[in-house]
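What follows is a short report on a single structure.
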Amino acid sequence: MTSSKKIGITLGHTPYGSDLAQEALDATLAMGLFGQDITLIFWGDGVFQLLKSQNSESVHQKSLEKQINAFELYDIERVFVCAQSLEQRNISTSSLCTDAECLSPTEIQKVLSTQDTLLSF
Amino acid sequence: MIFSLLVLSPPSSQASSSAYQFANALLLQKHRLYRVFFYHDAAYNGSSIQCIGQGEFDVAKEWDKLQQQHSFDSVVCIAAGLKRGIINKVEALRYEKAAHNLRNGINLSGLGELADATVKSDRLITFGG
Amino acid sequence: MSHSILHTVNQSPFTHSALQQCLCYAQESDSILLLENGVYGALLKHSLADKLSGKKCYAIEADLKARGLLGQELTPHIELIDFIYFVELTTQHKLVQSWY
Amino acid sequence: MTSSKKIGITLGHTPYGSDLAQEALDATLAMGLFGQDITLIFWGDGVFQLLKSQNSESVHQKSLEKQINAFELYDIERVFVCAQSLEQRNISTSSLCTDAECLSPTEIQKVLSTQDTLLSF
Amino acid sequence: MSHSILHTVNQSPFTHSALQQCLCYAQESDSILLLENGVYGALLKHSLADKLSGKKCYAIEADLKARGLLGQELTPHIELIDFIYFVELTTQHKLVQSWY
Amino acid sequence: MIFSLLVLSPPSSQASSSAYQFANALLLQKHRLYRVFFYHDAAYNGSSIQCIGQGEFDVAKEWDKLQQQHSFDSVVCIAAGLKRGIINKVEALRYEKAAHNLRNGINLSGLGELADATVKSDRLITFGG
């Protein structure tokens, strides 16, 4: 049971309004360090976490970009972003800081259903 | 089944009380509660110096009672706790703070405990907002 | 049932998009549980209410009672439950997604 | 300046999801005790604070009804509720626990503009 | 100007109704300031954006910068300001209403 | 002009940092800051035992510095503070708590101070969310 657990982490909140997104990514990296099989899903306002050129020094906060860039180091390779959420927010995929795979809500449903557990951030 | 809870909400939010009620209900049904992990603003639930008026619902006290009856693991994330001022004696010494306020029965520990709980539990339920 | 998701929603649908988003990703076989401020969803009419009625939908009765909603006209097909049943729902579904 | 200040208190949040509404009404009564000229405006999800038959014991919280019933005692007589917010939430005025005056958004604009200061809850 | 209201909005219009509600009660002569998550309002197109463009609208530049929005196509007629100017706006308006 | 601020947000919310930045900006412009009233979850801003990492922005410390320069009144609402575990020595004794954690320079006081600030200030600005 332990070694093969598929853990889906869903990220739905904006990056700097509170430190929830920051702490969610900290938790994600900790799960990665723990050797778990992790799938990340950015949807809703969570897609804003992936925007490039974030300069969080201007609001005295740590950047999320460091953590997002560390995904590979921690063997977190399945990173998905909701295409519909991007479209509703007028964000093009060329504006993203990482090459997350764009999925439709229906495709996201399928990804969710293959997980063994979900952490909702 | 084995459950763990990930709690993200401060005491002022009803979600922290829902988490308690969920824990209570699952234990009544003879499920097992492996760990409650207080993260983000839920770290504030770990304070031992909240002064709740008589006759008012004291979630912290209810958690205590439940834990004494069922001995599950209760953890405040150390990173979340430190920056919010929820600390134990060791950290108070390390950071040269004049007081410490972590409730008895709660551990101040790392995110590895959340990962461990996720792996070891059949269900992990998130309480946020 | 065992491969489906239980979605919990605890925000008012009149100020927050949590329920709307939940409905966007919920499959036919999924269930939805309204709790805390989420129970204001039981006042919905029209489009969101129709979508809600299309799914298996539950709401925490104590939360409706606290908010004075039991005397109101509620969206049909919402089953009122307690925390014992909430726990049971989490055992009947493989996954739980919390929307907040 | 002190004796004649008109203070508008706007209430836009749900009653029990957090204790903000509770604390907002505590602040309102304190302002009343201080002898200020107070106008209350319930709008958005704040109109839910006025629903009758709230039974908050079921969620282990204090009821707002006591505070709302105390308005008169504290000489808080101008209590307005947004008609449009009620309508959007399918709440009829007969469901309210106090006889707040229903105003349209345009009428609320006028009430706001006669205040000297606003507290936003 | 002196009898008007400065409305501040700090929630994302994509998940929260704060901006929409603000626009419902704001008069012609009122001003709107987007800050914190409110600055995502500068990404709006269509109906809400049109309403926003009809008012005097400001946004905290540091908040746009932090969120990586300065390179995006922004709603026209939003003036980017700092906190010094925010203070000035509060002195130029008789009232401040915070939407959150 | 004379300003007062009503702050409702915990340190984890950007609104608490916006309130500080607003205070800083108004003082730079030679306006007067009469009082900052920390209410609701903003009471947590009054903790003296928050452990902020080096190089990270410590809002509490920034408030301290600003107050030392400009000597405005800083109040945590006593009712909001007590139930959240932000207390001073007197309240710790009264409620028989083993620790107290209210920052120096901040008063624990009642809602009358908010009413007073509203009356005595030309502008009262709310920071919530």
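Letters A, B, C, D, E and F mark the chains in the order given here, with residues in each chain numbered from 1 onward.
Here is the rule we use: contacts are C-beta pairs under 8 Å (C-beta built on N, C-alpha and C of every residue); 3 or more make two chains touch, one makes a residue touch a chain.
Being a predicted model, the structure only gives us computed values, none of them experimental.
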Partner chains that chain C and chain D have in common: B, E
Required steps from chain C to chain F (each step between touching chains, minimum): 2
Chain of greatest Cα-centre distance to chain F: C
Top chain pair, ranked by how many C-beta pairs fall in contact: B-F
Most remote chain, CA-based centroid, reference being chain A: D
Distance from the mean Cα position of chain D to that of chain B, given in whole angstrom: 34
Cα-centroid distance, chain A relative to chain B, in whole angstrom: 25
Distance from the mean Cα position of chain E to that of chain A, given in whole angstrom: 28
Chain centre separation in whole Å, for chain D relative to chain A (CA means): 40
Interface hub residues of chain C, defined as touching at least two other chains: 10-11, 14-15, 17, 21, 36-37, 96, 98, 100
Contacts with two or more other chains, residues of chain F listed in rising order: 12, 14, 40, 56, 123-124, 126, 128-129
Where chain A touches two or more other chains at once, by residue number: 16-17, 19-20, 44, 59, 61, 117-118, 120
Those chain pairs that satisfy the touch definition: A-B, A-C, A-E, A-F, B-C, B-D, B-F, C-D, C-E, D-E, D-F, E-F
Residue numbers on chain B that touch chain D, as the complex places them: 12-14, 17, 56-57, 129
Sites on chain C touched by chain D in the complex: 10-12, 14-15, 36-37, 40, 43-45, 61-63, 65-73
Contacting residues of chain B [partner chain A, same complex]: 6, 8, 39-40, 77, 79-80, 110-112, 114-116, 118-121, 123-124, 126, 128
Sites on chain A touched by chain B in the complex: 1-2, 5, 7, 19-20, 23, 26-27, 30-31, 33-34, 36, 117-121
Residues of chain C defined as touching chain B within the complex: 10-11, 35-37, 82-84, 86-88, 90-91, 96, 98, 100
